[in-house]
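We call the chains A, B, C and D, going by the order they appear; numbering starts again at 1 in every chain.
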Amino acid sequence: MKKTFIALALPAAVLALQACTMSSSASDPDKMTAEVIKSSFVDRGIAKLDRLNPDPANAACAAAEVAGQPIDANLAKSIEEANLKSVQWPSDGKFLGDWKQGEKIAQSGKGMTWKDKLDSVNGGNCYNCHQISKQEISFGTIGPSLYNYGKLRGVTDPNSAASKAIVEYTWGKIWNPRAYSACSQMPRAGHNGVLTQAQVQHIMALLLDPQSPVNQ
Amino acid sequence: MAGPMRIRAKLNGDKTTVRVLMSHEMESGQRKDSSGKLIPAHFIQDVSASLNGKVVMTAEWGPAVSKNPFMQFEVKGAAKGDKISVSWKDNKGDSRTDETTVS
Amino acid sequence: MQTRRETLKQSAVVAGLVASTGLFPQQAAAYEQAAFSAKNLADVAKALGASAPQESNAVSIGGPDIAENGAVVPLKASSTLAGVKRMLILVEKNPAALVAMFNMTDAVEADFSTRAKMGQSSDVFAVAIMSDGRALYAKKEVKVTLGGCGG
Amino acid sequence: MKLIRKNVVALVVLALAAGQAMAQKSASDSIAEYRAMLQDGNPAELFEMHGEELWKQKRGPKNASLEQCDLGKGAGVVKGAFVELPRFFADTGRVQDLESRLLTCMQTLQGIDTSSVSTRTFGKGETANITALATWIAAESRGQRMNLPQDHAKERVMYEVGKRLFFQRGGTHDFSCATCHSSEGKRIRLQDLPDLTKNPGDGIGFAAWPAYRVGNGQMWSMQHRINDCYRQQRFPEPKFGSDATIALGVYMGVNAKGAESIAPAIKR
């Protein structure tokens, strides 16, 4: 967690520089916004003000959205490359854990708000945005359906060479979705320390284990 | 002191639909506070409704009736201008009575 | 047309009246604690001195198929029969099944609605306790869903 | 034995899947039905009654009511005020939303000590009073269409600030308001998410709050709604009546121009 925010401090300075180079009329609301943020927010519980330090990808994606334009293609590419490099692959070499635990993690949206404690077990927030198993009818649609995720991709044995590419992609996507899509709306669950390596392994099993209800 | 009820009594043909909203916590006795202690049950147990002073229905409730309770029933033989009054009493002995006019 | 203000003023007066005349005739008979502690339909009926519950087309239960929030589930119990003494609303999987009991007079229809808390998906029942002691019921399933965010 | 059990489980799962496919088709219909059942008898009415009393009641060191409070349409004008807020107020030199304006009136007209009013006291004391007042004031404009002014330069700046805050990504999950509220027809779990970057339709989004939350039985003002969005975004906390919350109100309110207000609504 701490590591992430140290990494974020530098880009904030970059952002400030970018703002100064903009035309004065456009820079007014940006400057005003920075002042409003400064005067409006306070620390509460574990949610400290440093959570507002923008990293360059967040700032660039938000600016593009404000302008109603897609992010610059070269910038997108560099963001994706940098993030792919930072993905931590499973230290024990195991990509898949237990789908039953994965289901519980996918169901939970808990953790890291100002009401939570630092040592609380975080959820993956998955069902908030995705359909996953067919049994759960209360699912969101912000992200694509993940029902039959492994089956549709032909994963019959996640340990096989044939499945290697999709297994690694899925790990990278959960760990840090920005590795493949610069302005992804999906949280960087691994990179930002929302989920532990073991939790990511369980979610991987939920999606890719042929025994998982997702693939029935 | 508990806030007033919102009572509406509307004549439809020969029946009057009475809708009541009550201001009450309806604490179930199952919930725990932030320190893990059980919050004691606090809920409306007895309800009574009258038409021009004569009791037309009573009710007994458990703690599973929702917070800020809603109740609806149909009274026979009321006319516009008649008084409908509703009372409740909770398990701690607090009570409240309000009334309205059939419209 | 009565304003809310007038209603409020009057309520104080009425409250005084309640204290003196006693608007709770059922308190002559105590609160049905046993019924409100019972775990299922059969035990609730037994606690109220009724016979074994039987399903009946003349009783109906109204409620949603899916409740977006279990904290507030609108339920309606009604019957077309004459001779109904009490209408009950039950949620089978709650810690105590009986939610509410409505006692009839000739001046009201056997038609009552309220809102119940439900901890989980469950069958819900409307029960008519008849003057002759029969307990007639209707049931339906209400699914309780998980809400968004969860944080 | 084990094998047989496995087969049975598989069968059950299959049957469930078929059943669920049908349930899924009608799940949103069922939810709509559930919401419709709650419309008649919205406990927000209890707060509305309390708010009206508070407006007319002489309170505070100055023993005054709020009946001379200027909500933007002149002293004491309540009807229609809600659908034009937040707006610029010359006496404070600020753009204010309904709740921060009520705070001003309680201070100036009634002399009430409002230091206890904060995000930590939602549902309690004077903060609860402000919510009740906002509930009644909103109800007095029920059925009118959102029509926030953008005449004053500060109102236009606040719109631009609100827009930037709306898209600001941060917190541990990189969420912004836009993550959930910038496209049509999306859901979180089973709850529909309004697209707040434009007019989301009558009685949706900004035109629905204050609202009674059935989940916790609480009356939530827009301040409380925005506060809890930020909590779930894993941001630090915006102060009660802070410019960030007001700017977001301007952004959502201006975008909702023409939408019919149904506030106070009832929500899950």
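FYI, contacts are C-beta pairs under 8 Å (C-beta built on N, C-alpha and C of every residue); 3 or more make two chains touch, one makes a residue touch a chain.
Computed from a prediction, not measured in an experiment: that's the story for all the values here.
Interface comparison, B-C versus A-C: the higher count of C-beta contacts falls to B-C. Distance from each chain's C-alpha mean to the overall C-alpha mean is smallest for D.
We define each chain's centre as the mean of its Cα atoms; on that basis chain B and chain C are separated by 12 Å. For the pair chain A and chain C, the distance between mean C-alpha positions equals 47 Å. Work out the mean CA point of chain B and of chain D, and you get 28 Å between them. Multi-chain contact residues, meaning those touching two or more other chains, occur in chain A at positions 112-113, 125, 127-128, 137-138, 140. Residues of chain C in contact with at least two other chains: 8, 71-72, 74, 115, 143, 145-151. Contact of a single residue of chain D with at least two other chains is seen at positions 23, 27, 49, 187-190, 214, 217, 231-232, 234.
A list of each chain pair in contact follows: A-C, A-D, B-C, B-D, C-D.
Those residues of chain C lying in contact with chain A across their complex are 143, 145-151.
Listing the residues of chain D that touch chain B in their complex gives 40-41, 43, 45-46, 49-50, 212, 214, 217.
Interface of chain D with chain C (complex): residues 23, 26-27, 30-31, 33-35, 37-38, 49, 52-53, 56, 187-191, 214-217, 231-232, 234, 268.
Chain D makes touch with chain A in their complex at residues 10, 13-14, 16-17, 20-21, 23-24, 27, 157, 160-161, 163-165, 167-176, 178-180, 182, 185-190, 193, 231-232, 234-239, 242-245, 247. Put simply, chain C touches chain B in their complex at residues 1-2, 7-8, 10-11, 14-15, 17-18, 23-27, 31-32, 36, 71-74, 76, 91, 94-96, 98-109, 111-118.
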